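After the structure tokens below, expect a handful of questions from me.
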């Protein structure tokens, strides 16, 4: 029986969601979620253990699935229109309405009027790319959901909520997981579209979870931007159905644009093969909105008002990855075209601009958001140029970014509850208050920017891959250099340890520390075994597309033919340094600890931080981080980034114009 | 140079590593001594003896080990080990980009070390060091890319054996490298984040303010490795002959000494502007020219 | 042997200082001289190398208005007077409360020949 | 050991602190660093940071506030460390010995190794004094001087940051 | 920068301005005020020097025939040299050597005409080579 | 959103030769508030002076500050002379002028070196101080001491100079001028030095008066204020014009001082030419009575001594108002809005010397 892991992956979260919503008992919810997490992981491992295969479910409960999905789709869009109406947001009404109309046209008119010419395509294709995504969704996603259980209790305690809204929260969070799994398995574009919209919807519901004014405003912004992408999606679907009779992702992607005539001997439909560029471009546009590429980045930064598990799951490790997943799927089709280059440039530009903006941010979650946008940009850029190395880089970054970023969000959420703020400035000396969280945060941040961790190796591959693409190169170079800047600033902040103070390990709920520890271990282990990770998850995808892997893994390292990255000596050094700690610590006697230099005016009870100044008053020293908002502030960046980003988008539209 | 030796004669990497670890500090210390002596002469002074840095190092190691907190020390070791690793990587002819990443990790360790104490000067120094990192890092990566475009490989050992000296194809990148060398060695006009020896800085000793005794000695040692690393990198530009490489390194060395003595310190904002326009500009022009 | 001395009272001091400021005079300094039962304060002004002095006589402990709102730079001599003579000068723009030069260990009002006034030691008040 | 003390003697880094005087001596300390006298000949660097310094050159007659700072700075120097008091101000208060805001003399606040008389002490004398202090770094000198039984003129213990107990030599 | 370049290059190729102090000592100017010394045999214990010394560093003990000087408080103003009626105090042009202890010097007049003896501090003489 | 930074800048700080603390509050590196803390150098000289006699006080006043100790002695002697109603002999007045200008020269060179150091220009510092040593030699040749030269006395000068000294002085002045010619263009034109000083720490002419700015600070803001125009010592017989700049920033203050060094050399040469022969010390008797004010132009600006005597052995009150004291309000004003990297340059641009500020 092929289907059980797939059914489990999609339906188990949905069922658990409904259970959690209906039975409003905390214990039941916890139990259900834990069971679901286990089930998801089992199904993901089961899928990973198998080769590629296709699957077309026929019906559920006697209802043909196509029909079911159409009904749900229409209902969803209708509900979104209603939301727009009730919140008096014209843009939402318009965009959702247009989609509704488009979908209706597609489903009822087009389907009735055009012959189904395509050879039967499977509704679902489970290949290594889907498996990779599924592993991330089910693995990282489950951990985040587990983290959410204690987190939301604390969250509501902080919010002083009268009545718990957790059932609603977990309803959408878990529905999202199911939708996401559905999305990555779907080959049928209509299904894919439905899941796509479902993630948009859950994202909206989760951003607005608290119902605060800011949350509503930001949620609506996220909604309309994503709906704009959805509209582009629908248009692409209509175009494909009308002109090419294609509703399958595989068929679309397999369509070799550069080398007409077509796929599996199909006759050409339009007058020019370039016609397909239009739907391709529209789908890319949809992906840009969902991946919050410039100029759509504001929805994602705004979405940071949502509770942290939402940010971790939807807005960094999974949902936004759906967008880059789509582009990677499409990439073979536009390889070597101007569209491909433009996609790469837009992604690269976002990579650089978002990295730059992150320097000016003092709010921890916003830094994470910009870093996410930047990494998505880099993945898109790699997908755009779509060489074997580039694709390998994209896949590695997807995997490692998902783990690291989810971990970071979990850490920041925990920190926020520990010190009641997410302001980086206030995180000074975090090590005293929350030593374990701090150490794990450090691991997570290090894994985002420094060798020998996966994300950095991905960046290394990305740089080597973009060497032959002069238009992309400056962005990649600047972006990766700037990444170090904002991470090290933040890292320095939390690592400040002042003089003479005792500290104790903080107490964290089991599920929080467990999810943190598992993710942290995953980061380290996966980075250490990056060659195996690559061989197992990424290499088959690359080989499937190009016939070669582009990157070989000779001795547990990655080699591209241009260069080679050997992570283990760096690991060895890190271990060496860690071994040096106890040695050097033991050699420091208490009398050797002296207060820091304060120009000789150390004062008072806190000689390490206070000094005498005018009137012999005792003052506390403080040192703020540099944000240089005049250069790196959002306003100053947007002044040049918006015009460029819009210009690039217009250029892309110009290119795809039929 | 040594990379080529390995490539051609197949010397065991272990020996190269050992030789590098041992020889680099000797060379680096001596160069530092020459630097100080030369600076003194340029300032119409007698200056210290050439082996002064070695006295300094031994003395520092013999001092009382005082710290502000124990955690501080971790970063010193990380900085030193990673700096050695970058140099060894270079000598073994590894991937230039990877070497640069390790090198950056080493710098980040030092930055974190500065941050790790609640001392304002040390932390302001670290902030400024980050700005320096921001300034030179893109130029370094661009330089690696330029070298790849000129030679078709990121491997140092292939770069060395690739035919014409890089200087012919990458003259502007070499100039850009000279600029960031001054930044990286924290010499005037870019001695922003810490004070080199006798310089009096508004941030006292910047990120080194809180290190003393043996730990300062380790940083000093890392600086020697760094000096050798950076000069060897400069030598890459004329790596086809040993003498050429030495000449290129010597030119860079003298350049930074003289620039150090004839310039005032600038602000970090100005540095960023300068390196990003002049440094990046030069490198970019050169690379565009390579594409054409 | 110094001329151009304008006697002022505590009430007219500010107005006189303002008048001099309007006339473009530069404040040089303020000097206090302990005359036993009263303190003499001289404010020295200069314009085009020509000196003008305001002379104020105060009893110990009397409150003297600060002219530092007229002449910002007056905060320095006024804080000095506060430190060294214990003169109770009020409303100084930057008031060091008697700890301008002297800290707790140093003797109080060292330039006062008589015993310092019991009340109104600014360092005590500041506590 | 000989190796280490040679290095210590050949690499004495100094820090200068002026504690309140006419600063004539302070300027002479600076002058000793400049080309005509060039202290760097002896491996001496003016670090300006107690944590890097081996020898502290103190000028001035130690006002109460400066005394507080002086103790902190001394405390923050790693051993072995030496103190050179420069100018009669720093030795005994010199002409200011009767002033009210002083604990005249450096040795009333921190132990002193070498006294360099003069008003102002000449750069040559400063060089000679610094060289004399090298004995302490080489471990050859006796204990440094603390003012013999003279009153501290108000530098109360509790008021300033504590000094690590014990001798500066480790 | 280029102006400076010229200067530093000139420096490189000229002799350093450094006086190699312990090795080479410059002759002091004839009027130099280095330190004061007592010619105790000339002293008549009139106390004039004690009275006029601005730094209060001379104590004349007429009865004990002691002339005490705190050389570590003396500001070398030369007033005592000027006022001494019998030239019992002279100004040396060499600076006083640094010391490890600061103890006042006592010159005791044994008998007129006998050579002076310094006690208990060390030699008050001029700086010699120390390195 | 940037975090505030609060740091103690001093008292012990490598760029401050003397203890002075500025508590800086910054946003990133932009200073938004600077509060000076003083008292590290306060000794209590004004009180001590009341316990010493008039002749001894000359030596005490010299030690108000070691950089321009002669100026303090001169100003004090002039004030006592005016109490006594005597004057220094003509030759002494010229000698005083020459020493005052020598003091200005060495003080300005010292400052030029320090400002170069503050700009991070180590070699320039070294050059300036190497040149300063030539003047120190001059000073030692004429007075017997490098720093506290102790040549001024009430009623004239303590000691006459012979021709050898004068020739030595003339010869060395030429050396000084030559070596100064070599580095002056660096201060005037070096792009990096200009980058650091131009526009840093602006005090407008109007502000300068109300802030009580004196000396080069005032003159750099376009105020013609130079106490030498009072004609004390021999200045009434020499030809000079106050050096005035109008750009009001640190660069202007630097240029004022730089031009004044050349002016000082010129003044010394004039004085050497015009110096008459004759007595150098007028003997005086008795105790002065009354009150007097004397003002001289120190390297850093106007120095004022107020002295009151009631006929006793010691002055009843001696008030010293020194130029830095007067320039500190300007410093506070200048620092607000500056960058941390400019703090040393600006703090030095008033040529703060704290020793006489706090006495």
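We just call them A, B, C, D, E and F in the order they show up, numbering each chain from 1.
As a convention for this text, a contact is a pair of C-beta atoms (placed from the backbone, for glycine too) under 8 Å apart; a residue touches a chain by one contact, two chains touch by 3 or more.
As the structure is a computational prediction, the values presented were derived from the model and not from experiment.
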Return the chains shared as contacts by chain B and chain C, ordered by label. A, D, F
Target chain E, source chain A, minimum contact steps: 2
Of all the other chains, whose mean CA position lies farthest from chain E? A
Top of the farthest list for chain D, CA-centroid basis, is A
Tell me which has more C-beta contacts between its two chains, A-D or A-F. A-F
Compute the distance, rounded to whole Å, between the mean C-alpha positions of chain A and chain C. 68
In whole angstrom, the CA-centroid distance of chain A from chain B equals 36
Between chain F and chain D, distance of the C-alpha-averaged centres to the nearest whole Å: 27
Centre-of-Cα separation between chain E and chain C, whole angstrom: 43
List, in ascending order, every residue of chain B touching at least 2 other chains. 40, 42-47, 64-66, 120-121, 124, 195, 198, 200, 204, 209-210, 261-263
Which chain E residues touch at least two other chains? 1, 4, 8, 16-18, 20, 54-55, 75-76
In chain F, residues with contacts to at least two other chains: 5-9, 11-15, 29, 35, 39, 42, 44, 47, 59-60, 63, 121, 123-124, 126-127, 130, 133, 145, 148, 190, 192, 358
Which chains touch which? A-B, A-C, A-D, A-F, B-D, B-E, B-F, C-D, C-F, D-E, D-F, E-F
Using the touch rule from the top, collect the residues of chain F that touch chain E in their complex. 52, 55-60, 63, 121, 123-124, 127, 130, 133, 140-141, 143-145, 148, 150, 158-159, 165, 182-183, 185-186, 189-192
Enumerate the contact residues on chain B facing chain A in the complex. 64-74, 77-78, 81-82, 85, 94-98, 101-102, 104-105, 108, 111-112, 114-124, 126-127, 130-131, 133-134, 137-138, 141-142, 145, 148-149, 152-155, 204, 209-210, 284, 287-288, 291
In the complex, chain C touches chain D at residues 101-107, 110
Touching chain D in the complex: which residues of chain E? 16-22, 25, 35, 54-56, 70-76, 95-102, 127, 130-131
Interface with chain E, chain B side, in the complex: residues 38, 40-47, 258, 261-263
